[in-house]
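Each in C-alpha cells, the structures are laid out below.
Each of the two complexes below includes chain A, the first together with chain B, the second together with chain C.
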Partner chain A sequence: MSLLEVRDLHTHFIAYDLDNRLRTARALNGVSFSLEPGRILGLVGETGAGKSLTALSILGLLKPPARVVAGQAVFEGRDLLALPPEELNALRGARIGLVVQSPKTSLDPLARIGQQLVRLQRAHRPEFSAAQAEARAAEMLAAVGIPDPKRRLRAWPHELSGGMAQRVLIAMALVNEPSLLIADEPTTGLDVTVQAQILDLLRGLARQRGIGAVIITHDLGVVAHYCDEAAVMFAGQVVEHGPVSALFARPAHPYTRALIAATPERLQLRAPRPSGSPPNLYALPEGCLYRDRCPMAQDVCTRPPPDLALRDGHAARCHLAEAA
Partner chain B sequence: MPARAIGGFLLRRAVLLVPLLVAVSFLCFMLVRLGGQDPVAMLAGPTATAAELEMVRRNLALDQPVWAQFLVWLGKVLSGDLGRSWISNRPVLTELLDRAPATLELLLYGVGLGALVGIPVGLKAAQKPDGAFDQVSRFLSLLGFSTPTYWLALMALFVFFYLLAWAPPGMGRISLMVDPPPRITGSYLWDAMLGGQWEAARSAAAQLVLPVLCIAIISAAPIVKQTRAIALEVLASDYIRYARAQGLPAGEVRRMVLRNSMVPVVTFVGTELAGLVGTTALIEYVFAWGGIGQFGLNAIIQGDFAVVQGYVLLLALFSVLVFLVVDVLVMLLEPRAVRA
Partner chain C sequence: MSAPVLRVEGLSKRFAAPGGGVIGAVNDVSFTLAAGETLGLVGESGSGKSTLGRCVLRLTAPSEGRVIFMGQDITSVPEARCRPLRANMQMVFQDPWAALNPRMTARDLIEEPLMLHTRLSRAERRDEATRLGLRVRLPSAMLDRYPSELSGGQQQRVCIARAIATKPALIVLDEPTSSLDLSVRAGILDLLAELKEETGAAMLFITHDLGTLRLMADRVMVMYLGRVVEQATAAEVFERPAHPYTQALMSAHLPADPAVPLARHVLRGEIPSPINLPPGCGFASRCPVAIPACRERLPPLEELAPGHRAACLRVADGGNRIPS
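Here is the complex of A and B:
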C-alpha cells in the first residue's frame, strides 16, 4: 500500500470580485501522485504551478477563499481530506512532519529552541515527561548535525544562522517520528553550499528512518540529485511522473523537456526555453492546459489529454507522449 | 542574564537622560519666553516707576541675554529650585509635588483600567476579523476616539451626578464633609486606607470613579485598535502558521499569539500613558481635581511663567520615566532586545 496517494485533487479559490461577481480560480485541476514508504518524491514545476498549494491542501491548511472541491489524499489508509479537523491536527507534526522555506521566521521568536522542541513533543505525546522530551530534543539536534546540542537547546531563534535554523526545523519535523515528511522549498534563501548540506541531511535522515518524503522545489537539479521519483506540475496538474532515471532519460511531456533544456548546466543559447506564463486560472482552456505554450501543439490537443503510461512506471499527460 | 544586562542598560540610559532633559528644558524655557508676556510689568504692578521696573528686571536676571537667563535658570533647576509661583508665592517644586500624586493616581488607574479592558477586547476582536464581536468593538473604539475629552467628562457628571445621583459632585478628590487623611503617599485613597479611615477612603474612591472611567474610555479606544492590529499581524506570521502546521493545540497557539503581541502592546500602552498626561488636565479641570494638570492649565492662563516651565519639565521627566519602564519591560519580554 502506498504511504500517500493523492487522487484527482481539485482546489479552487472562490471569491467575489470587485463587481460582486462570484469568480473561481481553478488552481489545482486534478493532481494525482503516489508515494511509497521510504521513497523520496520531487514535486517540481514553475511558480504558480500549484506545488505548495498541493501540500497545503493535503495538510488541511488552506485559508479561505481557497478550498478543496474534489479529490482524495489517502495517508496510511485514511483520507486526510475527509478527516475531522482535530484528527488531522493530531496527525500534523506527529505522523506528518513539515519543513517550510523560511526557517528563521518560522520559529517562535520568544521561545528557546529546546522549549519549542519540547512543546511540540508534549503536544502530541502527553505521556512524555519534560525531561524525556528534552533529552530527545538534544538527540534530535545532534542527529541534524548541530554541534553542542545540549547548549543549543538554550539558544534563541535569532541567534541561529539560516542553515542552522533550517536544521532545527528538520529536527522539529522529525522529532515525533513521522512516516511522511513534506519539505516545501526547504533550501530557498540558503547559500548553495548550505543547500547541498541540508538536502544531504534530509535524504540521509529519510533513508535512515524509512520516512517517505515529498520535496517541493522548482529546481530540477534537486530532483535529479536527491529524489527517487519525480512529479512535474503545470497549471495545477501533474503532467508527467515516474522514476527520476526514466523521467530524465526520456522526458515525454513537452513541458518537462522545455524545463530540462532550461536548467543552467545544460542551457544552450538556442535551446527552446519554457516561455510564456501559466494559463489564466479564471478561464482555463479546454483540452491540454499547456497547449498555448507547446511547440508541438496539434488539433488533437484541444481534447483533454490522457495520463499515458509509458515504460518503467513512467507516465505523461499528453496526447503526443508516445510519439516523443 | 537579565539583572546585569538591565543594570548596565539603566546606567547607559541615565547618562543619556542628562542631555535629553537639558534639551527639553531649553525648549520649554524658550517657548514660554517667546510667549510675549512681560513678567516684569505684571510683577511690579501698574503703578511701578521706571526705576522699580529696572530693579525687578535685574533681580530676576531678565536684563541679561536669553542664553544667560537660561543658564541661570538651569543652574537653579539643578539645585532643585524651580522658582516661585508669582500667584501663590510658594516654591514651584512644592506646589507641583503637592499635586503630582493626585494626577498620577488618576492617570495610572485610568490607563490601567483602559489597558485591562482594551487588551483582551483587542485580542478577542483579532480572532475573528469582521465577526460580530470585532464589528461592535470597532464601532465602540471609533466612538471613544471621536469623543471630545471635556464633553465626555461633562456628560459623565450630567448623567451620573445630576440625573441619576449615583456619583458625588465633581468637586475635588474627597467630599467636603470628610476630613482628608494625613499625607503619607499623597493619594487620599491610600492614605485613608493606611490610616484606617474608612469613611475618607470610601469618599476618595467615590470621587475617583467618574474621572477614572473617563480616562479609561479615552485610553481604551486606541488600545483596542492597536492591540487588534498587532494581534492580526502576529496571527499572520510564519511562526503561527508553522505552529498550526505542526498540530500544536489551539490553546498553545493562543498563548504564542498573546506572548508575541505583548511587546508592541506594552510599548503602545506606555506611549498612551505618557501622551495622556496632557489630556488628563482637561478631565481634572472638569472635576476640579486639583492635580498638576489643572494647576498647569491655570498657570498658562494666568501667565505664571515659573509654574508653566516647571509643569512642562515635570511632564517631560514623567514621559522619560515611563519610557524607561517600558524599555525594561520589553527587555524582560523580548530576548532580542538584550544586548550582550
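Here is the complex of A and C:
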C-alpha cells in the first residue's frame, strides 16, 4: 500500500471580484501522484504550477478563498481531506512532518530552540516529561548535525545562520517520528555548499528512518540527485510521473522535455524554444492545458489527455506521449 | 588587445560593523575587462560580489583602490559629476519588480534614461523606446502596461531595455536571472547573448549559478569572503579548478541530469562572519587541505598558467586537490 496517494485533487480560489461577480480560479486541476514508504518524491514545476498549494491542500492548511473542491489524499489508509480537524491536527507535526522554505520566519522568534522542540513533542505526547522531551530534543539536534546540541537548546532563532535554522526545522519535523515528511523548497535561499549539506542530511535521515518524503522544488538538479521519483507539475496538474532515471532519460511529456532542455546543462542559447505564459486559471481551455505552448500540438489535444501508463510506473498526461 | 573598458586596481570596501569592528566586504581586488568581454563573478552570499559591482559603478564609494573606466580614473569623481559617466555604465538587478517604478508604464520606464542622458525630442524618444521594446521582444502593445501587469520575465526585459538605451560600454548584471523560472530564464539568457554580440558592451555578470556562468562568461573570477581566490578563462576554471574552494563550489553544483555522477566534496560549516577577519586565508576554517601556514599568512593571487591565477598556499606543493 502506498504511504500517500493523492487522487485527482482539485483546489479552487472562489471569490467575488471588484464588480461583485463570483469568480473561480482553478489552481489545481486534478493532481495525482503516489509515494511509497521510504521513497523520496520530487514535486517539481515552475512558479504558479501548484506545488506548494498541493502540499497545503493535503495538509488542510488552505486559507479562504482557497478550498479543495474534489479529490482524495489517502495517507496510511485514511483520506486526509475527509478527516475532522482534530484528527488532522493530531497527524500534523506527528505522523506528518513539514519543512518549509524560509527557516527564519518559521521559528517562533520569542522561544528558545529547545522550548520549541519540547513544546512540539508534548503537544502530541503529553506522557513525556519536560526532561524527557528535552533529552530527545538534544538527540534530535545532534542527529541533524548541530554541534554542541545541549548548549544549542538555549539558543534563540535569531542567533542561528540560515543553514543552522534549516537544520533546526528539520529536527522539528522529525522529532515526533513521522512516516511522511513534506519539504517545501528546503534549500532555496541557502548557498550551494550549504544546500549540499542539508540535502545529504534530509536524504540520510529519511533513508535511515524509513520515512517517505515529498521534496517540493523548482530545481531539476535537486530532483536528479536526491529523489527516487518525480512528479512534474504544470498549471495545477501532474503532467508526468515516474522514476527519476526514466524521466530524465526518456521524458514523455513535451513540457518535461522543454523544462529539461532549459536547464543550464542542456540549454542551447539562441535556439528556438516554446514560449508563452501558463493558461489563465479563470478561463481554462478544454483539453490539454499545455497545448498553446506545445510545439507538437494537434487537433486531438483539444480533448482532455489521458493518463497514459508507460513502462514501469512512468506515466504522462499527453495524447502524444507514446508517439514521442 | 585594445585598451580595457574597465580596470580595477586594489579595490577594497570596508563597512563599520554595528557594535564596533570592521566588515571587509571587498579586499584588494584587481581585474580588467575588455570591450565585448563577459567576466563572470561567482561566489556565495557574503562573498562581496555585489558590493564589488556597486563599487565599479560608483554606486558605493570604495575605501581604497582605483576604478579606471575608459581611461579615466573615476574613483574620486564627485557624485554630482557621475551622471554623465553613468550613461555609459548601466546595471541590471536581480529583482526587476523592485527596480521598476510601479507608477510608470514600460514605455515611460524605457524612455527615462533617454530623457536623462540624450537630447532626443519627445517623438524621437517614443520611436526609440518602441525600437528598444522590440529589441528585447516586448511588443509595442505591451509597452503601455504597468510593471504589475507584466510577468517577471517581461519586467526583466524592461530593465534590460533601460540598461541598453544609452548604448553603454559597460553593463553590470547582478543575478539577472536568479529570480526567474527556467523557461523564462532561457529567453533572458538568449537576449543577453545576442546583446553581447551586437553591442560589444563589456559585461560584468554576477551570479551564484555555475550553470549560467558556464553559458555566459568568457572569463571567471571566484570570490570568497571579499577576496578573489581564483581567476581564469571559463573553460580553464571548469576543467581545472585550482583553489580548493572553487573545487568545492563546482562539486556542490547539482547538474540536472541523474546520469552525471556527483564528485562530492561536501564542505563543513558555513561562510564565517566577515567582521574582523583573522589573518591568513579566509577559506582556511572550512578547507579540507589547509595546513597551519594557511591560518597565518594571506596567500597571494599567483599565476599558475597564462591567465590562470589562484590564491592558495597549497598550489606550490601540489596539495591543493581536495581528495574525493
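The rule is short, and it goes like this: the second predicted complex is superposed on the first by the 319 of 324 C-alpha atoms of A that agree within 3 Å, B and C clash if a C-alpha of one lies under 4 Å from a C-alpha of the other, contacts with A are read in each partner's own complex, and residues count from 1 in each chain.
Methods note: contacts are C-beta pairs under 8 Å (C-beta built on N, C-alpha and C of every residue); 3 or more make two chains touch, one makes a residue touch a chain.
These numbers were taken from a predicted model, which means no experiment stands behind them.
After superposition on chain A, the partners chain B and chain C are accommodated together without colliding.
Using the contact criterion defined above for the overlaid structures, shared-chain residue A:V194 touches chain C, although it does not reach chain B.
By the touch criterion stated above, A:L220 is placed in contact with chain C alone, chain B being left untouched. By the document's definition of touching, neither partner reaches A:D79: not chain B, not chain C. Contact with chain B, but none with chain C, is seen for A:M172 once the two complexes are overlaid on the shared chain.
Once the two structures are superposed, chain B and chain C can be ranked by residues of chain A touched, with C on top. When both complexes are overlaid on chain A, the residue A:S106 reaches chain B alone and has no touch with chain C. In the superposed model, A:D292 makes contact with neither chain B nor chain C. By the touch criterion defined above, A:T263 lies against chain C but remains apart from chain B after alignment on the C-alpha atoms of chain A.
For the overlaid pair of complexes, the smallest distance between C-alpha atoms of chain B and those of chain C rounds to 9 Å. Note: no residue of chain A belongs to the chain B contact set and to the chain C contact set alike, using the contact criterion stated above. Here chain C touches chain A in the complex through residues 44-45, 151-152, 181-183, 185-187, 189-190, 193-194, 208-212, 214-215, 248-249, 252-260, 262, 264, 266-268, 270-271, going by the rule given at the top. Within the complex, the chain A residues that touch chain B are 59, 61, 89-94, 98, 100, 102, 105-111, 119-120, 123-124, 156, 158, 172. Looking at the complex, you find that chain B touches chain A at residues 237-239, 241-249, 252, 256, 259-260, 333-336.
For chain A in complex with chain C, the touching residues are 46-47, 161-164, 191-197, 200, 218-225, 244-245, 248-249, 258-260, 262-267, 269-271, 273-275, 277.
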